[in-house]
Every structure is written in structure tokens, then in C-alpha cells.
Amino acid sequence: MVPLNWYIGLSAVIFVIGMVGFIVRKNILIMLMSIELMLNSVNISLVAFSHYLQDLRGQVFVFFIITVAAAEAAIGLAILVALFKNKAAVHTDEIMEMKG
Amino acid sequence: MDKYLLIPLLPLIAFTINIVFGKGIIKEKAHWVSILAVLGSFVISASTFTEVLNGKIINYDVYNWIVSGNFRVTIGFLIDQLTAIMLIVVTSVSLLVHIYSVGYMHGDKGYYRFFAYLSLFTFSMLMLVMGNNLLQLYFGWEAVGLCSYFLIGFWYEKKSAADAGKKAFIVNRFGDFGFGLGVIMIFLMLGTVHYSDIFSKVGTLTGQTINILGYNVDLITLIALLLFCGAVGKSAQIPLHVWLPDAMEGPTPVSALIHAATMVTAGVFMVARFNPLFSLSEVAMNVVALTGAITSLFAATIALVQNDIKRIVAYSTVSQLGYMFLACGVGAYGAGIFHLYTHAYFKALLFLGAGSVMHAMAGELDVQKMGGLKKHMPITYITFLIASLSIAGIPGLAGFFSKDEILWLAYNHGMVGKIVWAMGTVVAALTAFYSFRIIFLAFHGKFRGTHEQEHHLHESPKVMTIPLIILAIGAISAGWFGIPAALGGSNAIAHFFEPVLGHPHVTAGHEEEFMVMGISIAAAIGGIFISWIFYSLKPEMPKNLAKKFKRIYITLWNKYYVDELYDFIIVRPMKWLANSILVAVTDGKIIEGIVNGVPQAIRNFSERLRKLQTGQLQHYGLGMALGLFVILALVLIAAGR
Amino acid sequence: MNIPFPDLRPVTPEIIMTLSATALLILELIFKNKGVLAFIGILAAAAVMYIMPASMGETFGGMFISDSYSIFFKFIFIINLILTILISLRYIQRQKAEYGEYYSLLLFATAGMMLMASAKDLIILYLGLELMALSTYILAGIKRHDVKSNEAAIKYFLLGGFSSALLLYGISLLYGMTTTTDIYKIAEHLKATGVTTTLLLSMILIAVAFLFKIAAAPFHMWAPDVYEGAPTSITAFMSVGPKAAGFAVIGRVFYTAFQNIQTDWTTILIGIAILTMAVGNILAIVQTNIKRMLAYSSIAHAGYILLGIIAGTTEGLNAMMTYLFIYAFMNIGAFAIVIILDRGEELSDYEGLAKNRPLVAALMLVFMFSLTGIPPTAGFIAKFNLFTAVIKAGYTWLVIIAVMFSAISAYYYLRVVMNMYMKEMKQEAAIHLSPSLSLAILITVLMVLIIGIMPSMVIG
Amino acid sequence: MQIGYPILSTVIFLPIIGALLIFLLKRASEALIKWTALFVSLVTFILSIPLFSSFDKTTAKMQFAETYEWVPSWGIKYALGIDGISVLFVLLSTLLTVLCVTISWKTIKEKTKEFYAALLLIEGSMIGVFCSLDLFLFYIFWEAMLIPMFLLIGVWGGPNRVYAAIKFFLYTLVGSVLMLVGIIVLYINTGKSFDILQMMSTNYPYNLQLILFWAFFAAFAVKVPMWPVHTWLPDAHTEAPTAGSVILAGILIKMGAYGFLRFSMPLFPEAAKAMAPAMMILSVIAIIYGGVICLGQTDLKRLIAYSSVSHMGFVTLGIFALNIQGIQGGILQMINHGIVTGALFLCVGIIYDRTHTRQIADYGGTATVMPVYAAFFMVFTLASIGLPVTNGFIGEFLIILGGFTASKTLGVLSATGVIIGAAYMLWLYQRVFFMETNPKIQGHPDMDIREILTLVPLIVLVLWIGIYPNTFLSFMDASVQNLINRVNTAGAFQIHMVGR
Amino acid sequence: MLSKLFFGYFAVIMVALSLLVITRRNPVHSVLWMLVLFFHIAGLYLFLNAEFLAAVQVILYAGAILVLFLFVIMMLNIKVEITAERFIGEWPIGVALGLSILMLIYFTTSKLIQGPAGQFSIEAIKAETHTKALGKVLYTEYLFPFEIASLILLIAIVGAIVLAKKRG
């Protein structure tokens, strides 16, 4: 039997990778994917918990998270498209008009 | 309304009428209002004097002035022998000066204003002498100072006049500073500021001490000296004498009234009034005597070389005031007041005479540019001569009796008395010298001014000469009330004062008194003689002497550099402190630096902090992650887990 | 397995809200005049407000609770909604963003907030939060032809997503520790197991997400950019609604679920509160754009409001709620003035306004002084009430810091007043007045003054 | 004696209602606005006269009291009342406002409506400060006054007005917010009540008293202003319009010293007693510092402003001498300073309207051109330097007496302020009025009847207080005695309210 | 032991894939690596007896969301992307911060105390099949969140229309 901690560790590693990706990449699409990575890491841990705690709640939660992730992706990409129409930009460098 | 109240009130009413209606309605008639008021005061004063002469002492309160807790002060009047004589001096000299001014101030654009101020002054002076408590004295004290300020700076367009007025006021404030503290000390120690209570309780203070900066100081001495500070300022004694010569910027009648006869003598009056207090402190008495003597000598030496006729007379006034303090300091209060009284006449006369000369000379003050005025203005000359003889102490005239009384009593007053007597005698010689220097330079010899001036020379109008004549009579006869027993007189005035001022202990006999008298007469005549030699016989001699003793001459000419000294140690440091330290550094840099600097620092910080908000999304994410990390780390460290 | 049909009474307000929102989507096709839609939206909100007091109770197996705490917050959300609709009507027309979905999304967002306030289960909380957040992302970017609006939407969206990922990670750990997502059950369980480092981690992760929503430093950095870029009406909406919702969940989750580590999170929040007040107030000083300035001001206010949570007492919570209630009026009022002006986004646009538009200037003055907290405005009552509660809880030193910062805040609020009253006018300021906007301003200014003078109206 | 109307509420709210009324008037009808303002301020003044005539001088109780519940759940009451300490300030406020209206008659040409409205709002809130018997109510008035004052300085002021206005606002706000914290702490410790009278009969622990004393000190010291937090004052006074300077100098800065008397001492008697030496030292520094710095001023208003620092130093010195002469002198000196400095600012306003310069160097020989004006100015100058027969003397003498009683050294030092005062005021007078006539002021008309009438009431007061101060001192006797008892014996303080 | 090896494989591959996702210059590559990653996650779910979720993961994530990504990427200009800077200047800080946080998370979660076991043991789920068990819970106990989730999807639709649709 694999210990629960291993899952949690894996989840944490992926979570942090997602986080780092979000922080260091300039491409908005990649940032969006990084967020998806983070969400997936959460899913992994939730499913693992669910399994080990013998409780379905975690899996239900994962289900909702996937739903929201989908909605989020849709909206995020819509915003991106709207931006792209005005200004051919997918880099955060190009959306620095407001600052200070 | 009782009549005593009317004495000060009449001039006050005159003042009010003149200041309110003077400009529009009364104009050139302003003198009527004031003269009538002063005349009224004089008449009532005279009748009051006779009452006092008959042994009546008036002491009553008009109303409660300030009541705060146990501090209770009234406006009230105390008219005893001392006050009565002051009333006569004040109202009579004032009356004469009023009349004289009608001629002297004729045509001045501030005519009504001048009479208003004169009235106000008379009121204040009367309040000063009539008050029955210290605070009322203080009130009059400041009020006469104010009038003096107004009148010195009467021709305010002249910077020198405006400066002189301000200087008089501020220098007096230094004295009043001490005086005020003295008043407060008296209240704190005795719980009252009313004369009668003070004098009845003052004995309880003997032997008490107070700790000042680690030294135990005798309480009575301290109080007496604090009060004396006020007198030093008001009566222009060293070191606060500097304002009086400058005060000559005012119209001459003012000099006669305020800076010779009345206001400047207030200090003497006050010390005499507080004789029960002063007499309890040996130290204070000696300080008073020595201050008087030194001032007297000091001012007389300066007067030797001055050329400005009014300034000579002014220094002579300082000198004579020193004499009066000398008298008080040796316990001869009566003699001091006696001298005050005679001095009022002959000094007022000197000033008014000088004013008459100025009138003729179109405002010229330099005695070196006068000469031979005798034939042009005989009345002025004669009266001036009488006054000079009187001040020089020629027997028979008023000055002789009072001065002699002082010197004689000083002589009797132990070691200190001997010293001040010697100084007083020297001063007597000097006084005779510089007084006659004026006579010889201004009235004798050849005229040394311009042609226009010579053409203009004339005797003054009657309205000016009559007061001169009346004062001359006073200068001759005022002393006859005080002919000493040694000369067969009854010394009536000393007896008159005895209930208030006591009488000093005289140990020596008549022989010694004659000796003292002789020495002083010799000094006076010697002074006049040398003056005659210098300024009439050998006019080149003073110049040679001046060259020979150049350093002394220049020092005297510059009045011992006292003004310069004050400028150096007080005026300039204060301005420097104000401009270079307080305005520029403490307020400008330190306090405002903090007040404006903190917001500025916040703004600068803000501008810097703003740079963190780059607009770059990653940086925002980084910020969040960093925040998360820091919180997590701190909490874990804090939890120690 | 037979599950009884759930009691719908407690969720009636949410149901009406969502139904109306959905209905608006359809009605949009019918009505060309969007004013009608706005009117329906207000009607819906009013109906919800009317029904709300009757909706006490729990339902859906204890996932949803309607108690006085949540009802008060819902009042704030509804007021926020109504005022936002009122100030939006003419404005979005001017901004060429008059889509029927606009109102629908406002309603959805409000429904999301209401769910957050009522959530008793972390799943509901998360979903409510996402409902609110996703709607506001869209609303922020609704001026889709405007680059600034796009930029705002992108920034808000990405950082929002990031923060909800953190929230989820925290929730997942919490779930792992307790096998439940019910807030009250979590509290019970945690009481039994005691404090562990994992718990602290999960608490911090959840806190970060909530602090992000209320724009507390250092998780505030999105706020200025988003507030500036979003349409002003939405900025007004965001500066009150999501913030209040964030405080609602902080209040509930921290006070119940994390009760046994109260000292730990209080310590964290004290630091955060001080930092937030500092950052908000200090950075607001140098702003030249009024929306941006108000963004920093709203950050600063979040700092003050956090003090209410820190107090850890019922009074503190009450004070926090009162503060939010009052804040809604004064802040939306200020934004309404920004909207009323044709050019009102830059501080320099306000120069000489008092001469040109004395009434508008006077109203702005009232809002600025209220935000500063000067009596006799409501802002003072809010601050006073809050500080009293915090001092009573024993954090006097914290209040001293807060009042010093609020004195600093006077500086930038005064700058607006100064520009209006003490500078020379550069150009005539045109205004766009509409009945709805006037009504909104009237309501806000009256509330600001009435609460300021008769505070017993709100604190009874 | 019975008065037929709630007098305190009337004098507070009449001006405020008047201000609202003015807001409703048409911008163009300037004459109507002015007359309304004058009418309202005059009626307020007349209605406040019964405070003077019907005041019961024998008691230390609060008179003309009014109490209503305001915010019951917080224990806030709308409670008004005055005693011997506050009554004179109310009268001074109503009087000075009338004069401010008349003096501004021709000077204020822009935004007339807002100006008079602001003026009346200030009046209402100032009076509110002096009448409040509820700490919360007090704070509301205290702060509310900042807004119109801020506008008054910033909108109608001189060239550097914006800086001055913001400085004034922030300075005072920083002080006030600390007091707010103090108020809240006090509120909690009193048991949920803002009732000042209840607080006055409560004895707080010493440490608490000490903390609260400093919290309140922050607000009051800035307002007074005590050294070293005085630097807002020269700027605010200098830049404010004449009416603003008059209000600032005449009343607003009195509120600080009033606060010491009304709150710091009776509420924290032991702390006040312990801190009195420190306060007195600060006061003496202010006296001398403010005086000496006047010697370095080149701006008329700025000089008078700094002289206020010095004079208020006397006030606080007297107050913290904690004896009857000191406190009575302090209160009287506050009134005096209000009259005299108010009058001096009015005077400066009169000449500024003609010449549009405040630089002393631009003047000279004014006495020749405007003799009546010179005479009026002289009277106030003399009052300012504390010459007997003017009110300044009575106040300063009592203060020095009180100060000397409390501490010999400080008493002596404070007395030097009198010398410095004479120096800078007379120097000022000389430079402005004496010497050669400066061409810049040649040909200006003397004061007109409106201006004379504005100043005459103040002259009357100057002389009245100088000649018969008992009229005013007797108002304070009972209250001050009561206060001293409280400070000295912490606990014996009993104070009630008497209905109107 | 076998299961541990199995997990080891998954873990290593997933971490590697994640790193690839966030480091690729070309977003298309990232999406493709992510696709592989999602399959692996689905596999892990199977390993944890969550068949339904594994299916959803593949269908929804891999099938829908990633395709959406690809669509959008196709719309955009990739050439610019190739030449542009990949990472922000401060990336070392980001990486360091990530590692530190990871360390702290490891440090804190290593001592995780599990919650009490629930009623859905592996056997219980197996008896009912996973999908059925999950469905039952979802439509009864979690009906309310389910509805809310539907609203969120509605919003996603509305949002996409509002923001991306061409309008007059």
C-alpha cells in the first residue's frame, strides 16, 4: 500500500510547480495552464484523501472543481480573446498600462 | 461724587473730550479743555493740601478692582503728607506746562492730540501718587510710561523720535519687570498689596530668608531691591538711565513736565512711600544710596561735554534724580522729597527756558551754535539764570536748601554716608559747571549761528514767558519751607513729612553742618568760576583740554558707550536669536523640518513603494507567494513546531 | 435511499436572485430598452430584500444557513446591487457596454456573494465564491473594446484563479485532517485533535485566498489596476460587494472552523491589518487617478475593517458589519460622483469644480470627509464604533496605529477637496445627470449624513 | 431666572440653520446673503445675552442644561450646559461672529454664499464645543468645525492658502484622533457612558489617568498651540482671510485651553497635578520663544500669529499653575486674547483691504494717513502688551501671580515675556504707523463707519475688563474654585445640572 | 511493493511533465505535454479507485478544456511567442520561493493526522460501483452545490458570449 503522504507530497510538488509556472512565465496561456496544474494537484490530493479516508466527499469536490475549472478556462480564454482583438498580446509585458 | 475723585478724573475727562472730539470739533481750542481741567485739579489739590496740613489723612477705596481668590485689589486713594506735596507739585507744574504749551505748540498739526496726551499724563500721574495700594501705583506707573511714550514720539514722523519713545517704554519695562515681581512677592508673603496693611505687617518678615539658586537671601532685601528695580527704570538710574536723554526727542514742555518734574521722580516717590520696608534692610538702603550717588556722578560727567542743550539738562536731571536716591538711601526720605519738590520747579524752568531758546532758534539745540542770546530774550535769560543758580546750589535759592539737606544728612549716615557725601559734593561742583556752561555758551558771547537764525531771534510770547516767571519764583522760594535749624529756620517741611517719612538721626552738631554747607557752597562757586574761565574768558581752553584728554573726552562724549553696550549685549543678540536661530533653525529647520519632513518622507516612501506595483502580473503573483511564504515561515517559527 | 425534498424557504432570496438573473438573460432579447432590465433587476433585489428577514433557517443537509449574520451581509450586497444598478444605467450606455447580460451578471455575482455569506459548507463557499468571482471577472472586462478594461479583467482573472487554487489546496488539507467540509463539524473535530502544523498551513492558505478577495496587503496588488481599468460602476460594485463577502466568510470560517487557533490567526491578521493600512494609505497619497486612489483607499479601509475581526468579540464583528454597511454608501457615493462627471477619472479633472458645479463638489466633499472619518458623517460613526470594539477587546495600541493612518488618509482625501475648492478651474466640467444617478447620489448622501447625525438608526 | 427658550440649543443651531438657509439662497443675490448672515449672527448674539444676564454666579453647577437621549444603545446623550468656565466663551463666539460678518462685508467678493455659510457653521460648532456635556457630542463638534475652517482658509485665504489649510487640518487631526482613542478608552472605563459629569465624579486609576491625559493633551496642545506643535498657527493665521484669522485667534485656539480646563483637569486630576510642572515649562518656553521669534518677523499677520503663541503660553501657564489666580487669569486671558488678537487681525484686515500687502516693510507713517485707524490699533497694541487699564494687564498679572505662586523660577521667566511683548509690538507699531509715510499707503481713506462700528465693541470690552474685571471674574469664581478642589483633593468634585 | 513502484513511475513522470508544461517555449507543446500529464493523472485516479473521476478527467480536461486551449492558441500568433522572452527577469526568485514553500509544505504536511474514516470503504464502493455511489451522493446530498455549479457553467457561457462574440 502506498502511504498517503506520498500522494500529498506529489500533490505538493505539482502544486508548487504550477505556482512557480504562474509566477515566472510571461505567457498568459501558460499562466492559465499553470493554474490548471495547481487545480489538478489539489484534485490529486483530494482523491487521495477521499480514498484513504473512505469518504466520497473529496471526490465530489473534485467533480465540482473540474466543472469550475472548465468554466474558468472558458471565461479566461474569452477575456484573452477580447484582449487579443484590441491588442495582439498574450504576454504580460504588453498589459502593463496600469501600474503604480 | 467726592472731590478727591475729581482730582484725577478731571484730566481724564479732558483727555476723553479731546481725543474724541479734538479732531473734528475742538481743534485749536483744545487747550481750554485741558487747562481748565488741570486748573480744577490744582484747586482741589490745594484745598486737599490744606486739609492734610491740618492733620487729616484720607484713605478710602472707590471700588473693588480685581478680586480673584484671596487676591483682592481696590482702586482707592491715600492722601497723606507725601501725597499731598506730590499733588501740588504735579498739578502746579502741569498747569504751568499746559499754559506754556499753548504758545510752544501753536500751529502744530497734532495740537489737540498734544493736549489730550498732557491731560492723560496728568491723570495717570495723579493716579500714581494717590493710589492706596501697590497695584494702583503700578497702574499709574505704567500709564505715565505710556504717556511718556506717546509724547516722546509725538513727532512720530521722525525716526529718532519714534525710536526714542519705544526705547523709553522698553527700558522701563525692564525696570517694571522687577517691580512687578516685587509686587507679587509682597502679595505672596503678606497677602495684601494695600499700603496700610503692608506697612503694618512688614515687620513680620524680618529675618526671613528665601532660597534663590542655592543662596539664602534676606526676604526684605529681596523685595526692596525688586521694587527698587522699578524705580531705577522710571527714574533713569544706572543702568537703565539710557532712555532719558533720548526722550528729549519729545516737545520741550513734555521734557519739562514728564522728564524733569513729575514722572521721573515717581521712583523717588515710591522709595519714599516704602520707607518702612526699605528702612528694614541695610543692604537695600546702601544699594539705593550708592546707585543714586554713582548715577549722579556718572550723569554729571557726561553732561560736561554735551552740546545739545536739552541733553545737558536731561543728564542734569539724571544726576539730580541720583541725588534724590542718594538721600533716600541714607534714610533722608524727607530731604529726598524736598529735593524732588524744589527740583520740579527749577528743572522745569530749565527745560522751559531751553524750549524758549529753541523757539527762538527755530529748533536749534546745539549750544555751540548759540551765543549772546541775553539781549534778544531777556526774560528767558533771567529765569534761566535763576534756575541755574538754584541748581548749582547758590545759597538762598531753592536748590541750595534741599541739596544741602541731603548732603548734610548723608554726612551723618556712617561710612556709606560719608562716601556718598563726598561724591555728592563733587557732583555739586560739576553741576554748577555744566549749568553755567550753558549760560555762558548760549546767552553770553557772540552769536555763532546762521544769519537766518539771528534774524529770527525774539523773545517768546507772554503765554510762554509768564510760566517761566512763575517757575522762577518757585525756583527761588520753594526752598524756604526747609531752611535748616542751623541757619535759623524751622525746617518746616521736614516736620511736615515726619509722620510718613520719619526723620533721620543726626549725630553731628551745627559746626559740622556749617562745614558741610561751606564745602558745598565752595564747590558750587568753584564750578561756576571754572565755567566762566572756560567759556567766557578763554574759550580755546576746553578744546585744548579735550585734545589733551582725548580718550576721556571721547568716552564722555559717547556717554560711556552704554547705548552701544546694550546694543551689543541685548539688542543684537536678540535679533540674531530671533532671525538666525528661531526663525531659521528651530522653527524653520527643526520643527517645520519634522512637520513637513514626515509627510515628505511618506511621499518619498510612497513614490518608492509605488515602483513595486509594476503592472506586471508575475510580480503581483510573486508578491502573493512571498506573503504566503513569510506568513507561513513566521507562524511556524513562532509556533516552534 | 430516500432523501426528503429540501426546505427551500431559507434559500428563497438566492432562488429569486438567480431566477431573476436567468430571466434577465432571456428578457434581454425582448426589450431593446435596457432601462427596463435595470428596473427588473432592482425589483428583484427589492423583492429579495423584502423576503430576506423571513428566511431564517438551515437547509440542504446543513450546507446552507440563513442566520442574522448572513442576512445582514445580504442586506449590504443588495444595497450594493441596487446602488450599482442605479449608477450604471446611463453610464454603461456612455461606455458602449450596454449589454443585457450586464445586469444579469450583477445579479449572479450578488447571488454568489449571498451564497458565500450563507455557506456552512466549504464546498458551497467555494462555489459561491467562484460564482461571484467569475461574474465579476466578466464585468470588469465588459468594456471589451477598451484595452484597460481587458487588462483589468485579465489581471483580476489570473490572480483570482491563483488565489482560489490556494484556497482549494487549503481546503483539501483541511478535508484530509477532518474528513468533512462542514465548517461546524470541522470546528468540532479540530477541537478534539488539537493544533497541528498542517492545520496552520491550511488556515494560512485559506486566509490568503480570503485576504486576496478583500484586497489586504500583500495580496492587494491586483486591486489598483483592476479598479482603475474596470468600468467605474463595476469598480464601485467590486469595492464593496466582494470585499463584504470576503469579510463575511472570514468572519464565519475563522470564528468557527479555526476557533482553536484563534491566537495564531489573530497574530497573522494584526500584521496583515497594519501592513494593509500602511500600504493603502501611503500609496494613495501619490496617486493621480481618482479611481486608483479610491482603490488604495479601499485597501486601507480593508485594513481598518480587519481590526473588527481581530477584536475577536461579537462587538468586533458587529462593528465590522456596521462599518461595511456605512462604507457601502460612502464609497459608492464617491464613485457616483466620478461617474456623474464627463471626465472625472483624473484628480486634475476636479480642479475648480466648486466654482463650476458647486453642488457636485459639495457632495464629493461630504463623501471625502466621510471616508476620512470626520464627524458629522457616517464615516466617523463607522470608525468610532469599530475602534470602540477593538479597544474594548484590548488592542488599544492597534487603534492608535489605525487612527494615525486615518490621519494620514486625510491628506489624500483632502487633495480632492483641495482640487475642487482651492484650485483654479481649467475647463468647464460637463456632467451627465440622470434620474437614477441622482437617486443613487441622493440615497448615499442622505445615508451618510443621517447615519452621521443619528447613528442610532444603524446601531440599534 | 427663567428663559423661555432652550437657549444653548438655540445659539448652536440657529447659525447652522442660518447656514443652510444661505445655501438655499440664489448665488446672485449677494446683498441678501450678507444681510441674512448679519441678521442670523446678530439674532444669535442677542439671544445669547441672557447667558450673561441670567447666569447664576454663585454656583459651580451646569446651567441652562438640556439633556435628551441621542444614541441610547451607546449611552450617548445630547447634553448641553454651561458653567462659569464656558459661559464667557459662548458670548465671545457670538460676538466675534457678528464682527466677522461685518468686516467681511466688502472684502469677500467670490463665493459669498459659501463664505457666510461656512462662517455660520463654524460659529454653531464652536459654541457646541463649549456647551457639550457629552464627550461624544463634544468630539463631533470639535471635529466638525475643522471642515468649514479648512475651507475658509483654503478658499478665501492668501497666496499660500492651500498649504496652510492642509497643514492646519492635518496637524489638528493628528492631535484629535489620539484624543478619540482617549475618549473611547474613557468611555469603556466609565461604563459605557459619555457623560462628562459622571466622568468628573469618577476616580480613575492613576496610570490610566496618565495615559488619558497625554491622549487628550495631544489634541489640546495642538489646538492651543503649545510649543513645539505651534507651527501650523503662523501659516494658518497668515493665510486665512480676516474673518478666518479672527475666528482662529479669537476662539478656535481657545478650545485647546478650554479642553484642559473642562477635561484634562477634572477628569484626570492626579495626572494633571503630576504633569503640571511639565506643562508649565512648555508654557514658559512658548512665552519666550513666541515672543523672541516675533522680533524676526517681516509679515504683519505672521507676527501677530506668533504673538498668539506667546500669549497662549501665558494662558496655559496660568491654567497649570493650578491655583485660583492662575486659572482665573488664564480664562480671562483667553477672553482677552480673543478680543485683542481678534481685533488686531480685524485691524490688519482693514488695512490689507486697502493696500493688499502684509509686509511690514511696505508700511510706515500710517498714522499720518489714517489717524483714527492708528488710534484704534494703538489701543489693541497696548492691550496686547498688557498695559494697565487694558484687559491684557489683568490677565497677565493674575497669570504671573499664579505662576509665581506655583513656581518662582517659571514665574520670573514668564514675566520676561512681558518685556519681549512690549518690544515686538511697539517695534511693529513704529514700523507700521510712525516715521516717514511710505508712498505705498499714501492716499488711502481712513476707516469708514462700518469698520469703526466693528471695532468699537472690542474697545469697550478691552477697557471694561481692564477697569472693572470683576464683572467677568465673578462669573468664574465658583466654577474655578470647584475645579481646584477637584484637582487638589481628587474626589470632592460634585457637579450637577440645573435646568433652564 | 509493486504499487509503490507503480506510484513511483507516476510521480516521476508527472513531475517531469509538469516541469515541461511550464517551461516549453511553444504553448502548443505545453498543451500537448499537459495532455499527457492529464492521462497520467487519470491513471492515478484509477489507482485510487476513482474510475468515474478518471473518466471525467480524460473527457473533460483532456477532451474539452485542453482543446479549448488549443483553439485559442491557434487564433493567436505563435511566431511572436517563439521569439519573446519566456521568463520574467526575477525567475530565480520565483523558483527559490517555490522551493522554499515546497519545503515548508513538506515540513508541515509530513506530520498530517488523518481524519476519521468515513463509511465509503473500498469494499462498500466496489459493491455499488464507483459511479453509482458518487452519483447517489451527488444528486442527493450535494444537490445544492450541483445546482450552483450549473450556474457557474451558465455564467461561463454568458461570459464567453459577452466577451468574445462579435456584436454591432
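Odds and ends about this structure:
All chains are identified by letter, namely A, B, C, D and E, in their written order; residue positions are counted from 1 within each chain.
The criterion applied here is as follows: a residue touches a chain if its C-beta (ideal position, glycine included) is under 8 Å from a C-beta of that chain, and two chains touch if they have at least 3 such contacts.
Computed from a predicted structure; not experimentally measured.
Among the remaining chains, those touching subunit C as well as subunit E are A, B. Note on connectivity: the fewest steps through touching chains from subunit B to subunit C is 1. Under the contact definition, subunit A and subunit E share the contacting chains B, C. Of all chains present, the one whose mean CA position sits nearest the global mean of protein CA atoms is D.
Chain pair with the larger contact count among B-E and B-D is B-D, by C-beta pairs in contact.
The distance from the centre of subunit B to the centre of subunit D, with each centre set as the mean of the Cα atoms, comes to 37 Å.
Computed from the mean C-alpha positions, the centre of subunit C lies at a distance of 43 Å from the centre of subunit D. With centres defined as mean CA coordinates, subunit C is found 26 Å away from subunit A.
Chain geometry summary: the mean Cα position of subunit A and that of subunit B are 96 Å apart.
The residues of subunit B that reach two or more other chains are 599, 610, 613, 615-619, 621-622, 625-626, 628, 632, 636, listed in rising order. Shown for subunit D are the residues in touch with two or more other chains, namely 170. Shared interface positions of subunit C, i.e. residues touching 2 or more other chains, are given as 123, 127, 130, 134, 137-138, 141, 144, 153-155, 158, 162, 173, 175-176, 179-180, 197, 200-201, 224-225, 286, 411.
You'll find the chains touch as A-B, A-C, A-E, B-C, B-D, B-E, C-D, C-E.
Contacts from subunit C toward subunit E in the complex involve residues 1, 3, 6, 11, 18, 22, 25, 60-61, 63-64, 99, 101, 104-105, 108, 111, 115, 121, 123-124, 127-128, 130-131, 134-135, 137-138, 141-142, 144, 153, 173, 175-180, 189, 193, 196-198, 200-201. Residues of subunit E touching subunit C in their complex: 104-105, 107-109, 111-118, 136, 140-145, 148-149, 151-152, 154-156, 158-159, 161-163, 167. Interface of subunit A with subunit B (complex): residues 19, 22-26, 28, 31, 92-93, 95-100. By the touch criterion stated above, subunit D contacts subunit B in their complex at residues 167, 170-171, 228, 230-232, 289, 292-297, 323-325, 328-329, 365, 367-368, 371, 375, 382, 387-389, 393-394, 397-398, 400-401, 404-405, 408, 411-412, 415-416, 418-419, 422-423, 426-427, 430, 433-437, 467-470, 473-474, 481. Those residues of subunit B that touch subunit E in the shared complex are 616, 618-619, 622, 625-626, 628-629, 632-633, 636.
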